[in-house]
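Order of writing sets the chain letters: A, B, C, D, E and F. Residues in each chain are counted from 1.
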């Protein structure tokens, strides 16, 4: 199970969680002899647009922007398009721009920061779509399930997803009970993790709740 | 007086200030030969639990997590227990996890960030409770008074607390008057700091207010 | 056109944008033999006060605090005075203090962080007012137009301001149309940037809206 | 011309310069589900070996180790093999191990540091050979000419190499003359860059030297 | 086996390797109310002196200076004393001072840098001797065996030392053979790691050398 | 006395110490509208040349390059001129270029690193000569005495120089005696700092040496 956090900090948003398969985008440093085009001259040559053409409802975009704090990978217009296509979240090991209106789109955004620069003004350029990338110190492959909330983003390989869900479900159930007890001043040694001693009490609570 | 800031950034919270005596927890890097246990195997061997067993109403927990950005020192469940015991705030030179629900508990949280990892997955382990620790570049001893607000957390040695309060009280009174004058476009040379020239005006204002 | 971002992160505020001519303040490291005075002994010797005496309605203060994270350049009282004088925003390559009440003043604040320390307690001191300074990796001259929003702050030389406004106006108009189409799932190749193919549609939309 | 430095610091060596076509190696973060093999179990599955199988006399290896300071990309044994194959230098945006004996091999080494760890113990793994990589903030393509000396490493696209050599040759000639004059206390305004006024003197010096 | 590197960079020295049991010294941030003494007023109150009083021939001192780059933990005089007592090396997660003469003492020095400041001028103070410390991201306990060379310093728990030596010995023997073959242009697939196919050749080489 | 280190690391040189009055040079970030000139078009417009025109025998140049690691402030040619003028050392809070030949000039160099880039290729430009600057976290005024050795560079205000020399002289004398005793295994409590108990022994040693 891959519970390593993708470190990009999250913007404070209403939609504080999102999950879905990853579309990936890789940036590398710009070199004058390799990236001569002006951004608006031939937009379709820009690879960061192309990652969005693959978007299907429920997708998450994961971008390896190499931690760059001066390039805004996407702006409001392209994020609007991604939202229009059904996208649910964007994780960037770098920055977005137009962050004010971007937050109001209802996408989940896990990023390092915001900047008014677009990437063609700066030192990085998109070079590949849907290849394995690094983001927040974690390798992400296209199609991996990205699960993100206030704590950050986590990558789950598809084949491990069913096992993860089973464990998480069981865990979530007794935590609900324990949370109530702990908030009342209950003993952590009994309730977290749930001790054998407290399990019967939990089972009764669960049975009662079920019958309610 | 120790007005040096404890640097951990604060989460945006309703309860933006807290103060109380410090309980301390020290982390060190994990070493395979010294920390073989699995987190849920013998929970009581985990020292980060023990700092909470000492909690009394009004306490603040201060954690030296060595600036580690990948370990979540406490999660929602343990913070719920601490709140249930009457704790008022947590200062961590590192991260918490379950930060979404954690913010809703009503504790003051002064931290560097959030992460989904718990500490047993990562590079640091708790090694001592209620020893002197470093947090945000400041030494904190158990029992020191920690005072924290939007600006960060400050440590006040108990023996200096009365003197600090006296100075702060006098300062707060004339600042209230000066704030009003400055907001009206008053001259900073007169009102901040309060000049001898403006003092009579302040005294009149104070007297009038007192009689109101 | 100088679209390089001034990197200081923005506090979350209601007033998320501001623009105006720059007043500048330069800090350098403190040296014992050059800065013997106690802060409250002779306030008028402190240069950070003097930048505010120049303030006129609509001004922005830009501070080169050399990225220092332990010095609070201004506190609530001085910011209140600046607001009282009609100031609209403060950009600091470093920190403010009293950040809780400071945020409630209605000024735009673009800063790296907050701290309870005032600068006389720490390692930097103000040395010059209204000289060219560096802030967020950008040179700012007194009188430059600073434009700031959620993405950060940008410097526009006065002589380039009219040209910038013309370009921005034209851009803003077709973006409004394109935003609507993209949100509906429209094709990005048509609408962003606005293609020649979609321009007639845009012109019709614009004409209709104008006649409405 | 790409005169941007590849930032990796150079070890202090007798052979302080090297140049040759680039072989490239890309690392990404390790993920448990994708890199299960033990280093010595199936060595040929390790891609960092494969970059060396392509080595021809005069080659330079350029490694994108993502700035990682805890993984030793190559050790003495593999560097000995590369030297045995005629390799001339290694540029790593990260670390080597066995650095003591490695320095004595006579290869040029441009690296960020040394570590006793080999990469299978740490967080990065080799994922591709002879693809475009980032190293020291510069994009390097397989076959680019890497030129390195005490100042660091520079990338020259093959097509620009002849033009670069022509400019460099002319520049080197007058610099030799100017260096002598400056060391004698000559006027920098005359000699650096070579002024029109000093050019006849240079031409005479050059002619005399040629006839010597 | 604990092969994690202690990151402090090594000074370029003739004696490029050292090993021995660890004496440890812990620093914490200085606080005015807790460290009022002037360095030369009562030297024996300074704990960094006391770690040296425990020194026996062959010892290594390991210092957790919390990565501080402005405090010189030891200077030439104290290092001379340590050398006079038979000490063999010093590992500091921070700085030394008097580094020029210190290098000529013949001690192994693994440090982050040098500074002219002594610690009483700066922000950290020694607080404990021979307690577990963190150094270079690794936990070191008093008595652990520290092994250091050009690659950095490594910690070996005493109980693992015999096993480590056995593995290292076997490894070192075939590496000597393989190194020769690789330097001659031999095939890395055969010789590194030593393949089953090449083992007979190695055994012959070893036998011949033994009989020489 | 200003014993704060100027942090720039020193290159390994034969001449490991230098001292002299400071000439200062200040850099700020480059802005396209303010720095249009090509480097070789009008060299005399470049301010970094002008700091050298002030050089007198024994001078040290101190440069505030704002910690920039990509700009080479001076190269071999200009350093040759400075040496030809009698300059003794250069302290840069940033980089030099041509570092190989530069080291052979016999100047003391205290720098953060080396790079092949010259500053006009990068993000900083010289803006002022002989103004107060920051270097390594210390304020340096033109004419301050800069004293530098393997530990780094220190600034001494001219008026404090005589007092500093007196203290240093006395200190140096007893340290010579103590160093001998400590190297023989003498007791640090007696000899460092020199105790009242050991002073008579020191006085005898000093008298004997004087009569030799």
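By definition in this document, contacts are C-beta pairs under 8 Å (C-beta built on N, C-alpha and C of every residue); 3 or more make two chains touch, one makes a residue touch a chain.
The structure displayed is predicted, hence computed values, not measured ones.
Q: What chains touch chain D and also chain E?
A: Intersection of chain D and chain E contact lists gives F.
Q: Relative to chain A, which chain's C-alpha centre is the most remote?
A: F
Q: Report back the single chain whose CA centre is most distant from the CA centre of chain C.
A: The chain lying farthest from chain C is E.
Q: Could you work out how far the Cα centre of chain C sits from that of chain E, in whole Å?
A: 48
Q: Quick one: chain A and chain D, Cα centre-to-centre, how many Å?
A: That pair's centroid distance is 37 Å.
Q: Rounded to the nearest whole Å, what is the centre-to-centre distance of chain A and chain C, using the mean of the C-alpha atoms as each centre?
A: Using C-alpha averages as centres, the distance is 30 Å.
Q: Find every residue in chain D that makes contact with two or more other chains and list them.
A: Where chain D meets two or more other chains at a single residue, that happens at 12, 137.
Q: Thinking of each chain as a vertex joined to the chains it touches, would you call that graph a line, ring, star, complete, or other?
A: Looks like something else, not a line, ring, star or complete graph.
Q: Of all possible chain pairs, which ones touch?
A: According to the stated criterion, the contacting chain pairs are A-B, A-C, A-D, B-C, B-E, C-F, D-E, D-F, E-F.
Q: For the complex, which residues does chain E have touching chain D?
A: By the definition above, chain E touches chain D via 3-5, 7, 9, 12, 16-17, 137, 149-152, 154, 175, 178-179, 182-186, 188-189, 191-193.
Q: Give the list of chain F residues in touch with chain D in this complex.
A: 12, 40, 43-44, 49, 52-53, 69-70, 72, 76-78, 80-81, 83-85, 97-100, 103, 113-117, 121
Q: For chain E, which residues count as touching chain B in their complex?
A: The touching residues are 2, 28-34, 66, 123, 127, 132-134, 137-139, 141, 155, 157, 159-160.
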